[in-house]
Amino acid sequence: MVVRIGVLGCGRIGQVHGRTIKRIDNARLVAVSDAVPRAAETLAAELQVEVRQTEAILTATDIDAVIIGTPTDTHFDLIHGAAQAGKAIFCEKPVDMSVDNIRACIEVVKATGVPFLTAFNRRFDPNFATLRRRIQAGDIGAVELVIITSRDPAPPPISYIERSGGLFRDMMIHDFDMARFLMREEFTRLHAVGSALVDPAIAIAGDIDTAAVTLTTASGRICQISNSRRAAYGYDQRIEVHGEKGMLRAENQLETTVEFATDSGFARPPAQHFFLERYEAAYFAEIQAFVSAIVHKTPPDPGIHDGLQAQILADTAALSLASGQPVDL
Amino acid sequence: MVVRIGVLGCGRIGQVHGRTIKRIDNARLVAVSDAVPRAAETLAAELQVEVRQTEAILTATDIDAVIIGTPTDTHFDLIHGAAQAGKAIFCEKPVDMSVDNIRACIEVVKATGVPFLTAFNRRFDPNFATLRRRIQAGDIGAVELVIITSRDPAPPPISYIERSGGLFRDMMIHDFDMARFLMREEFTRLHAVGSALVDPAIAIAGDIDTAAVTLTTASGRICQISNSRRAAYGYDQRIEVHGEKGMLRAENQLETTVEFATDSGFARPPAQHFFLERYEAAYFAEIQAFVSAIVHKTPPDPGIHDGLQAQILADTAALSLASGQPVDL
Amino acid sequence: MVVRIGVLGCGRIGQVHGRTIKRIDNARLVAVSDAVPRAAETLAAELQVEVRQTEAILTATDIDAVIIGTPTDTHFDLIHGAAQAGKAIFCEKPVDMSVDNIRACIEVVKATGVPFLTAFNRRFDPNFATLRRRIQAGDIGAVELVIITSRDPAPPPISYIERSGGLFRDMMIHDFDMARFLMREEFTRLHAVGSALVDPAIAIAGDIDTAAVTLTTASGRICQISNSRRAAYGYDQRIEVHGEKGMLRAENQLETTVEFATDSGFARPPAQHFFLERYEAAYFAEIQAFVSAIVHKTPPDPGIHDGLQAQILADTAALSLASGQPVDL
Amino acid sequence: MVVRIGVLGCGRIGQVHGRTIKRIDNARLVAVSDAVPRAAETLAAELQVEVRQTEAILTATDIDAVIIGTPTDTHFDLIHGAAQAGKAIFCEKPVDMSVDNIRACIEVVKATGVPFLTAFNRRFDPNFATLRRRIQAGDIGAVELVIITSRDPAPPPISYIERSGGLFRDMMIHDFDMARFLMREEFTRLHAVGSALVDPAIAIAGDIDTAAVTLTTASGRICQISNSRRAAYGYDQRIEVHGEKGMLRAENQLETTVEFATDSGFARPPAQHFFLERYEAAYFAEIQAFVSAIVHKTPPDPGIHDGLQAQILADTAALSLASGQPVDL
């Protein structure tokens, strides 16, 4: 079976997914759409597929699945439209900024029974996927402590910050999902601290750029997350997981394997800076997993429920930061 | 000038200090004492020095300084005795389990003007000392986030746990001091979580074996500490410090530099397991610093005030854990 | 300008190049050919291009360049045919097993003026290309010593060994080219030793599986190469270059960045085993460089002369091994 | 039993050995001697032992063993004197510059039956000793290839070079011994190349500063050694050993474990520069092994035969370099 796909939204992430689909054997990119016609036309020309209206893609009889890569505030309607048209749905995170809206989306997805994948790309990174696989295999025994370090190379423009929903919903949401992915026991309590240390304009915009969150589970397991909007040495994406038998950790991917030794010592290159480069393999595996789930009629993973849980954790972190107190989940 | 030293307490740490003194040029070990005569005699024989009564050492005219390596509950009296006799004091941590008692010791130390070093050995580790030196040199700019990972290879006997004052006062106190050493701005708020995941007997003894603490400063800088009483791969002692210009991190010291490559991949040996081996260089530098401070008439660093601050942080962590709430300092 | 390309030979390497061309903006794959029609048809179907006869590709007016990925003994005729038809030529290594034949190819390439790239893929590996770039930038000053370690994960079948031309021409030829690429001064003397330690059948086939070669230049610079047909821990591809100001070294690419710590120590995964995976980025950059050279009318690099020089070094190594003596070049 | 020791020669290496003896339980330093009385007096004062004449130490009834740390040209007479007086002998490398003289020393050592240790300190380095132990344990199966990289931080003064016996006898002799230690099969053929690339004054002094040697055994196993008198990044001491089941390698010991990450990437400190620091643990283990061999009446290892074999390899390398040809051993 070949899965026929339409891509909604031809921005940076839509382009990545479109190009990826072209490289996957049992998938076929049929059409793309974008509110900006020129964006759709450019991608369509590159990939030699049709431009259609978004509505037309949702209802097309020659399309099995849609990739939703449009702005977050359009997700709700597109999910409803696609689900009601019986299309499998691949939706960029966050599913919606409102937990209530996500719950409404869950209803329609349940009611229609369409496959739904929440695009937490990092789960598909070969390094982090290896962590999960080895934890499940029992290599470190019961997990006791997860430490996640996630730092962007540099802050986005203030205009982006202002519309982002804040660091917890825009950036740490990935780490909340990763924490759940690796801990495999739901968190019951969360404590957040944060400050604007990188750029005072971020504080003026009402956001923070440096944050630390502690999560605990009912059985006493702990997760520490730290985020910063700045890391001189590249896109810092590291995780360590401690269990009774040992530790698993995933280090950064550096630009090359070259080491330069001088009288100053031994220098290796920065971590890969650009998220599309850093997670290139993850983006590929993510589309593969979505297509494979449709072909094999298994539920895509992570599903819409995972999108909800991560959003709840992000909202709760914002609440904890505002109140200065831990919050029960 | 040669500093003439008496060692009080001939247990494991007293032995280390005694042997170290023998290797330091401008120091001379004169006598040792211990409540258990045989312990003192054994060490004295090895090091070819006299055994004296503790009281006699405190008042000896041929002794300039004392190393207090006796049980914690004797520190208060020995500090008072030594200070009143005008001896320079090197005191193992914790100075005392009671913050009030430490404050009383500060009074007598101030009143007598004797040099006092609180033996936070990790400050003298060449790796951690390098972190501090480079932070002070401005290599990473203003510090934003400190992450300290500190894990013992295996829990001590339950009998030890019962008398230890608890994980925060016995184990994390080192990390509290390290956090202050590296952050160089006092912490104003602390939040602790913890559980007994390693051994249920530890819970029965009223303690925890796994903990995570978040500290913040008035200017919004953050420190995350994690502790565990268990680390299969050795004595895990790692620190990373993030600043505006980059990161400094100190990795573990492994047993050898040998890597073994097979079809399973590349294997390196465990981290050094034993704290006396891991911190051998630190114990040496610590005594050197004490002797040097006496010779050059500069105040030893860390002083008794640092012993107080670390104890306050440990007490506060215990309070935060008990209440489930952050505590202002 | 879009370069229109035909791929001759649809075996493993032809497939790689065909797929790569599809991903390059200013290149277009027009047709493929293979002596085995089914091989050509399968690749053509996958890539949605035409199957043509090899002869037809060589003379086609809608094709600008050919990729020669056929068996080595066909290269001579194909190079002549393509050159006389004015096609740009991308030729897999070795250009030919006979140095005389390569010289004849050089004549026709010169006479016709067609662009020619000898496909030493490792030059395009981002790690090794970084070594070269930094050497040229003067980062380590004058090069003094190059050490190349190159080990296959496991020996090929004996049937392959028998037709391979021997380890020096089949395997170390890559390292000879790399040595020239990094040293940038021609070698004047070569000494080779070798043995069959991996598999006695290799000795029976008249070949070796373990070898060490020392090369020197007129100015006294040295290169040490070692090869083995076996490396339990993956495809071992490492280089270090020493100069007056320091060292540059390229380490292996491991399967993931995951480290697993237990009471045995710290384990990382094997090096990538499969050459197509290890050199994936190199194969891409190689085709890009070929296309770019055609578009910009600059001579492709490495050229046919580099193919000749590497072959001469391989022949000389075989001679040195047979005689037990160093050989002047 | 306590082994009573006299140290002959109070230069840099004699001081190291003297201080080490003071730290070893079942050894006692009795006296030191030096042709320069002040040198002996200074060390004796520091270690609180007697100064005696060399001759008096050799014949003393209260001394069991001597450490010969005097200039090489005095070794011959001292070995004879000590052996005839029944003293155990610890002799710095090289035993003698002349192979014939070493053979004569072997005769007297054999005749008198005194224990003799040739001080190839690197065998006692914990990293290299681990390589040997694991090879012997069969961890990598039969050894196929040994690669030794040995580079000094900077060349010694020309005056030292002139009296050194040349790079092979002064510097690579350590690597020849290491090659034998790890290969555990004698070498049968050797080929050397070398140049003066670091300093033309070294060429004028008739020596080289950069060299590469290839050694082979009767069964076809190979060792590659490279040496340089210069390494900007510290004292470069690395070994890798390949066997049928995998590889063991020993990396450099860096100054600290601190990594510094900036926009330039990840920087670690240089390798330990000073040989006394780099091999501190080895010097300690070496004296321990000597004392232990005497106490347990087992032959010290490496013995005088190992001193002979390494010298033969060094002489042969000089011959190969001069002739430009491999030489059979």
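Quick notes on this structure:
Letters A, B, C and D mark the chains in the order given here, with residues in each chain numbered from 1 onward.
One rule holds in what follows: a contact is a pair of C-beta atoms (placed from the backbone, for glycine too) under 8 Å apart; a residue touches a chain by one contact, two chains touch by 3 or more.
A quick note: this is a predicted structure, and the numbers were derived from the prediction, not measured.
Of the two chain pairs examined here, B-D and A-B, the one linked by more C-beta pairs in contact is A-B.
Note: the chain lying farthest from chain C is B, by mean C-alpha position.
Mean C-alpha position of chain A lies 42 Å from that of chain B.
Touching two or more other chains at once are residues 232-233, 245-247, 255, 261-263 of chain C.
Those residues of chain C that touch chain D in the shared complex are 142, 144-145, 147, 149, 151, 189, 191, 193-198, 210-212, 214, 216, 219-222, 224, 226, 228, 230-233, 236, 242, 244-247, 324-326. Listing the residues of chain B that touch chain C in their complex gives 232-233, 254-255, 261-270. By the touch criterion stated above, chain C contacts chain A in their complex at residues 23, 126-127, 130-131, 134, 139-140, 245-253, 255-263.
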